[in-house]
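In the two complexes that follow, subunit A is the common piece, with subunit B as its partner first and subunit C second.
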Partner chain A sequence: MVKYVIKRILLMLMIFFIIMFIVFMLIKQLEPEYSMDKTMADIEKARREAMGYDKPLLVQFGIYVKNIVTKWDWGTSFKMRKYYGVVDVIAERLPPTILINFYSLILSIPLGIGVGIYAALKKNKWQDHVLSTVIMIAISVPSYVYAFLVQYLFGYRWQLLPLTMAPLSEAGGWFSWTMFKSMLLPIMSLSFGTIAGMMRFTRAELTEVLTSEFMLLARTKGLTKAQATVRHALNNAMVPILPSIISSFVGIIGGSLIIEQIFSVPGVGPVYIQSINLLDYNVFMGVSMFYTFIGLATTIVVDLSYGFIDPRIRMGAR
Partner chain B sequence: MDKAMEIKRISPEMFEFAQMGDKLHDKKLETKPVGYFKDAFRRFKKNQASVIAAIIIVLIILYAIFVPITSQYTVGFKDAEFKYLRPRSLFLEKFGIFEGGLEMTLSQNFYANMVGIGIAAEDQNGEGATWAEGIESEYYPILKIYEKTTQTVAGESSNSWICDVSSYYKMGFSYKEVAASEYDKILAWQEETGIPVLYPMINRGSSDTPSEWCNDYSDANCWYATKRGVPVNYASNAAGYELLTVEQLESGAKTFQDIYLRNEDGEVQYFVSTAKGGTMCTIRVMTYNYYIYLYGHEPSYIFGTDGSGYDIAIRLANGIQLSLILAFSVFFINFFIGTVYGAIEGYYGGVIDLIMERISDILSRVPFIIVATLFQMYLVATGKASTIEALLFAFVLTGWLGTAYLVRTQFYRFKTQEYVFAARTLGASDFRLIAKHIYPNTLGTIITSSILGIPGVIFTESSLSYLGIINLDGTEQTSIGTMLANGNAIMAEHPHVILFPALVISLLMISFNLFGNGLRDAFNPSLRGSEG
Partner chain C sequence: MRKFKTFAMVLVLVLACVLVLTACTPEDQSNFKIVFKADGNTIASYTLAQVLAEGWTEPTVPAKDGYTGEWAAYEIPTDDLTADLVINAVYTAVEVKSYTYRTYMASSPDTWNNHIWETNADSYIFGYTEIGWIDISLNSTYDAYEWKYEMMVENGYEDVSANYMTDPAFAEKYGLTAYETAEEVPAGYVMKVQLNPNACWEDGTKITTKDYLDSMEDLLDPAMLNYRANSYTEGEGEIANAANRFNSGSTVVEDAAAHTDYADADIWLDVTGYSVFFGASYPVSTYYGAYTSMFIVDGVDIFQKYAGGEQTVWQITEEVIADWNAVSANFGDDNPLAYREYCFCNFTYPETPFDDVGIFAEGDYTLYIVYAKPITDYNFKIHAGSLWLVKQDIYDSTKREEGGLVVTNYGTSVADYMSYGPYKLVEYQEEKIIKMEKNEKWYGYTDGKHVGQFQTTAIRTEIIPEQKTALQMFEIGELDDIALTATDMDTYRYSKYLLKTDDTYTYRFFFNTDLESLQAIETETQRHVAIISVTEFRKAWSMAINRADFALNGTAGMKPAFSLLNTMYYYDIENDPESRYRNTDVAKLAILKLYNMENDYGAGKTYATLDEAYNAVTGFDIEQARELFTSAYNIAVESQIYNGTDDINIQVLYSKATVSAAGYLQQDMMQKYLDEATVGTPLEGKITLNYTNHNDRYGAVGEGDAECGWGAWGGAYLYPFRMVSCYADPDYTDIHERSGFNAAVETVTISYDFNGDGEAEDVTKTYQIWAKELRGTTYDKLENPNECKLYVLSALEYALLDRCCMIPVLSDVSVSMYSAKVKYATLDYVALAGYGGIRYMTYNYDDEAWDAFLEENNNNLKPIYV
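After this line comes the complex of A and B, so read on.
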């Protein structure tokens, strides 16, 4: 077990390292000659020398990795926030992204699972058909269309909620009521798809479990349908659902680029877009690796959580 | 004597046919055998939702093909004055829909101004027209008055009108700077067709009409005397002017006092020379008819126009074309690469499989958005490829992984089956085994999974162009994502700009998903016979 986990993590690190190497080399080919800020020339020169800008690419990569390993230093931003560390630039953008996605998950997962259970219990009745059709449409429609819709209806038409997210200075803290209210629209637009996805998943898994033989046995030994469902069917249906929930929670730090753009959320997404537009390559490199890491972490967490949730799934045996 | 010898001794004559005279009751099958694809198609047809989805996809494709051919506009066509126009169709407006109207709440002055446009339109000679004539006019911008409300603020009551105002006619008149020869041409055209274009010039700030008579002399619709926007009659009482109310004007008790530019004989003037020698002149035209003069047809945009004056219908067709061409290119290329890669992996197995699997492992872990961005930076910024090519490369780089994985699994499943061994024993080559015996089994699965990948491509492309990571906005090229981004900024005032692209992309996504699901059910042999 421990051996398997270590093996997976090492493999992940290896892949991460290879991707980092490729992206680093590609970006360094492109990096422009930054014009030196006259007043800050000394600082800038020092920073560049520390990062080995005058050395061959492979050496630069070595310095880059060494800085990360020893000092957790992912380079310096030369454009977006002058001379800030890339880690700081990303870290200060994390709270809104995490908050919005967290709220959205808290809202949509119970709702999705609840509706999914209902649909599975009513399988092939009209309630199920209606729900399945709605869900099919809800899954297909792109999230930004929901964003436009809620922004138009709640923001412009009925003027109930703020159109874009409130700046931190005005709202007075991440957890203030003003902040929460201004986050409602992005939360809503993120939730539609998640609810639909969760519901479809739950319905599929639960209908499969409900038709299995141990359910028949449970009914035969005298349990009512409700008892059998709660005690036996749900437990088993949760086996594939839980890992996907866990992976959603890992994924929340990634956020949604387009939703953040529409509602001007000061999250990680806009940093990425800005770093491209301003050609701030260190930040771009940092955010790229951030996204890569989240992707890798999600898969590994899902794979490992299967083993913890259901001991029948043996580790390492594929 | 052993048995074998005994059997040998039986002479041929001793044999006879056992069933020679019997009647055979079972017949040879006369119906045609049902092939895999035919069977799948038959099952697909039973799935109504998928069939409807397929029809919608075909309709959208037809739209993207035929609208650019039949439309009177081109992708690059724009008239900056005709921006934010509402959907209008010359045919459908006879039935009271698609009239190009937008709901507006008009104040008294604004309402008077709208009727003023109608009155001025009927009065090309400057001889005066009545309020009733203005309302009857073809060019009267108000289509329908929903409600007239009266508010009382601080003892003063004021009316406002909630109306459906035609976005095409409400522009009224505008000033144009043209060459003198152009003026003659317009005049000749006007006489030939009988469509009024040239209207009297307004006396802009001379001694006869002080500047206070009109708020804004650059506004060509301000053809009557006003005091801070309120229509007035001058020189009629001691104060020098008399404010007019809408009621007075409506009843005909008072009329607008025009401030047209007239010569000594009191005739209205249709142009003012602006350059020496009279080569250039300013004219006042009715914007709507000037458009007809310029382009030879009435302005009518079925989906309206956007903020630059582009026709949304044709831009949308262009965007759909781009999305679909991209999606289908990705579909075919991924299909090809994935098949070859997966077949080699799956068929040969062993070390080859291991190495190829690791390669695809790494590739699949690179976030797509980073690939797309890097390709844009590398190929487009340096001019090595166009935006679309670079995007295609990005899709192709990792897109085939799913197909390859599926093909590989299917090959593992089928390559150890007896029929494959039989074929190999008969001397079939590797290539023949792969192409003829194993590959066809994987086809159904791959087709469905590839088609289910199409909405993803469309979604990603529109997201990237929305975010501006790929730039596809131009006079000859646009994308749905760009249209959405442009529309989002002005959603409050002009929701129609974003409505149609958002509607179409949602329809595309829903249809492709339903279609793909239908195909998956149809190709999945485990369902065979379950539906009777």
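After this line comes the complex of A and C, so read on.
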């Protein structure tokens, strides 16, 4: 198992490095749109030269990697947040993103699984049909549509909740009631899709397990339907569901560009787009590699989680 | 004995009288006093005599924060005081009203360091927290602009050029030429500025000449390469030696033609790139390809001789000079130094210490600025509107080196910045909130010159990227302004809270008209676009656009545009606040001529007056558009650049960002106009427009990599004579339409009495030269330079539009609404001063009253605003 984990981590680092190289080479192909004012354009060119942007790309990449390895220096933002370290730029924007997504998952996972179980147990009955129809609509409609809808209804029409997320100082901290209240609309917007997806997944898995032969055996052994469902069906259905929950939790730092924009959440979502638009190379690289790491790490964690959920699954065994 | 008794009685009587008199006489006034006390402390005490004396004035009640004070009612006895008369101060708590202006912006500034700001968002904060030597704002009647002396004392500048510019040592130090006599010295070389001694930073530290000198040294630091150094290294406000300091020691490759002092040994020939001779717009090879015969001298192909082999850079020899002068002569240029226009040199800026930069001080509050060239009084005032001050200790403490560049974090957080204007920054959360409050240390709140101004006590700016969110907040009373979109206008078109502000920008289609590159695009993309090179096609497109409909239904309130420069351009605002270029007869005539209406006005004609004819211009004539489309089709088919059957799919590069909903609306409307204008023509149903985003649309079209773009030019509204250079002088900017239009080669003939002999003469020059002359001083020696410049400008504008390598469509107008809480000084836009801004903004409700007002209206102000 340890050997397997080490192997996966080394593989992950290799993939990480390859992606870093590709992204670096691609983003550096983009030339900025210089100012129409020739003097300003000349200053910009001189600044780029001073920053080493005129050096061969391989040399630039070497310097970039060297700074990361030797000094953990991911570079400086030269456009978006003038002269802040890339790590600081990302770290500054993470808390609201994490909070909103975390709250959303806390709300949507139990709800999604619960409704999914209910629908599976009521398979092909009217309850199942109603829920499936609602869920189909919820999955089909993009989250920003919910966002505008809940914003209009709860924030504008009924004025029960603030239209935008509260500033940190006015809310009194990230974990204050005011802050939570101001996050409710984006949380709701993010939750609809997750609830629907989780419900559908749970229903599908559980339905399949419920029709398995071992469930029939369990019933013939004398277990009640409830006992058989809780002790055997749910356990087995959770094997594919739990990893998806884990990956959802790891993915919460990814943020949502549109939802954050609609509710003025100062999160990490728009950083990616802004860094491309402004050609802030270091920030773009930093954010790209951050997401790459999250993606790769999630894969490993999810793979490993199978072994914990179902002891029959052994990693790295011959 | 009797005498003794009588004497004793008299004595007793006298004594008794004395006693009685003593008892009856008022107490000695020096013993009892009138005492003024405040909070138990004696403020002043007076004898009755002092108080009764002529000219006595009551002492002032000591000030107490948050209270108003007055003395308790009292009455001064006129005859005597029997005890101390104590008069106490009575304080009443002042009801402090707060007036918060709540606004929003789409994204945070990247910095508010005035040395490196780049975007409008960057300049947002220091627009409130900093103020210039001279500010421009409304006059007392709110109908014109007025200069307001702020960081300098009233009328605190003086032209002292004559005192200094006759001193050769002084002039030499600053790289200038001294004058023989004081009378010869032109005004505006050396300005003496008397700083406002009350100006201070928000921490109370006085702002002195040292701050100005240190800040300028930082701004021009060659290691920092600050963007905004250009305010002082070029243009009207160029400070002597500032450019040399800023570029100290750096070597740049420059055209040798610009360095006439360089010997031939210090310049080199290189004809593989661009050359000044051909206007630096196209590589020499382009001209070689088009005019090969011109490069043949005595049977020798000169271009191939110098560019055909491995060696492409040549030292200057007699042979080189002879060869390239001969080529130049073939192009009609006999200048013996023409060969230098194909050459380059390495120019190294001299190492220049900051001491040699034209700025020095005398004491703490007197500053001298030495300009590289004389500055006019008006330009000095304009330049005095913004300063370069930074708080030195903060600036230095946040400096560090990043990849060969010295950078600073100044102006990126509350702690890393210090205000000195009417407001101070108190809170900043990236992409969320910016809060500013009154800077109580600002001199303006106590100097008596700003009474009734700056009523706003706080400015709360939320970052709201989504306009729909902001609109909802505005409607429920959480914002005091909102920018509207085209769809919002359906609701608010007639609102009394609507504010329409014209801007200088003209939106236009700009084209690549070069057939060769259009055909290359065709080959690469399999889209037929070469027909764009046919002028009739572009003219037909222009005539097909119903600009009035497009502006009304496709935008939030923009205006139709027929010209490059709109009504916002003033050519002489210093002397005539109404000197709008667009309103001059020559400018109107240029547009009438463009639409063949120049003979349509006058007695017995369609329009009685020039104005009437001009106002009738629509730029829309569907019949003419159809004729032109048919004509374009025939030309294209005959010249075999179009097969006559394939669809023409034109890609319009729209913007850097993804095409918005408004963009698609405009695309659809434009498509509709083209569809209608091609009905019944051979091009019916064949033209398709496709708007797409592009990172560098101007570069792509300009370099011939794309066929068409959509974008706006504007700004510099006080300099129309300079602005036209953006379209006509490739040395000034990269011309967007340069693929197919070489302003350095193509010519315009203008008929005007340039020599003042009373007869107009035809003068032919390139677009570029006309543009350069408009920017320069060529016409200043004429009797009426502005008249001549206006004529040339209008002729150039007409020529550019008639080429039709661009189609002006919309004139920018920003449409917004203000809340019922606030009140602008004026709702009529005043050039240079706008609506009075935060300085003159007043309030219908304070914050508390506004909350009550919202409650009364159920937090829904939409019915009020509609």
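The rule is simple: the second predicted complex is superposed on the first by the 289 of 318 C-alpha atoms of A that agree within 3 Å, B and C clash if a C-alpha of one lies under 4 Å from a C-alpha of the other, contacts with A are read in each partner's own complex, and residues count from 1 in each chain.
Everything that follows uses one rule, which is that a contact is a pair of C-beta atoms (placed from the backbone, for glycine too) under 8 Å apart; a residue touches a chain by one contact, two chains touch by 3 or more.
Since the structure is predicted, the reported quantities are computational estimates derived from the model, not experimental observations.
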First, second, both or neither for A:I139, with subunit B first and subunit C second: first
Which of subunit B and subunit C A:N124 touches, first, second, both or neither: neither
Partner chain(s) touched by A:V23 [first = subunit B, second = subunit C, both, neither]: first
Partner chain in contact with A:P167 - subunit B first, subunit C second, else both or neither: second
Partner chain(s) touched by A:Q261 [first = subunit B, second = subunit C, both, neither]: both
Contacts of A:T220 with subunit B and subunit C, given as first, second, both or neither: neither
Partner chain(s) touched by A:F148 [first = subunit B, second = subunit C, both, neither]: both
Partner chain in contact with A:T70 - subunit B first, subunit C second, else both or neither: neither
Touching both subunit C and subunit B, counted on subunit A across the two superposed complexes: 30, 148, 151-152, 155-156, 261-262, 277
Residue ranges of subunit B touching subunit A (in the complex, touch as defined): 49, 361-362, 365-367, 369-370, 373-374, 377-378, 381, 455, 459, 462-463, 466-469, 484, 488, 491-492, 495, 498, 502, 505-506, 509-510, 512-514, 517
Complex contact set, residues of subunit A against subunit B: 15-16, 18-19, 22-23, 26-27, 29-30, 133, 136-137, 139-142, 144-145, 148, 151-152, 155-156, 257-258, 261-262, 272-273, 276-277, 284, 288, 291-292, 295-296, 299
Of subunit C, residues touching subunit A in the complex: 107, 110-111, 113, 116, 225-227, 229-230, 233-234, 250, 402-405, 407-409, 411-412, 427, 429-433, 435, 462-466, 468-469, 472-473, 475-476, 478, 656-657, 695-696, 698-699, 726, 732-734, 859
Complex interface listing, subunit A residues touching subunit C: 30-31, 33, 36-40, 43-44, 46-47, 50-52, 76, 78-84, 92-93, 148, 151-152, 155-156, 159, 163-165, 167-170, 261-264, 266, 270, 274, 277-278
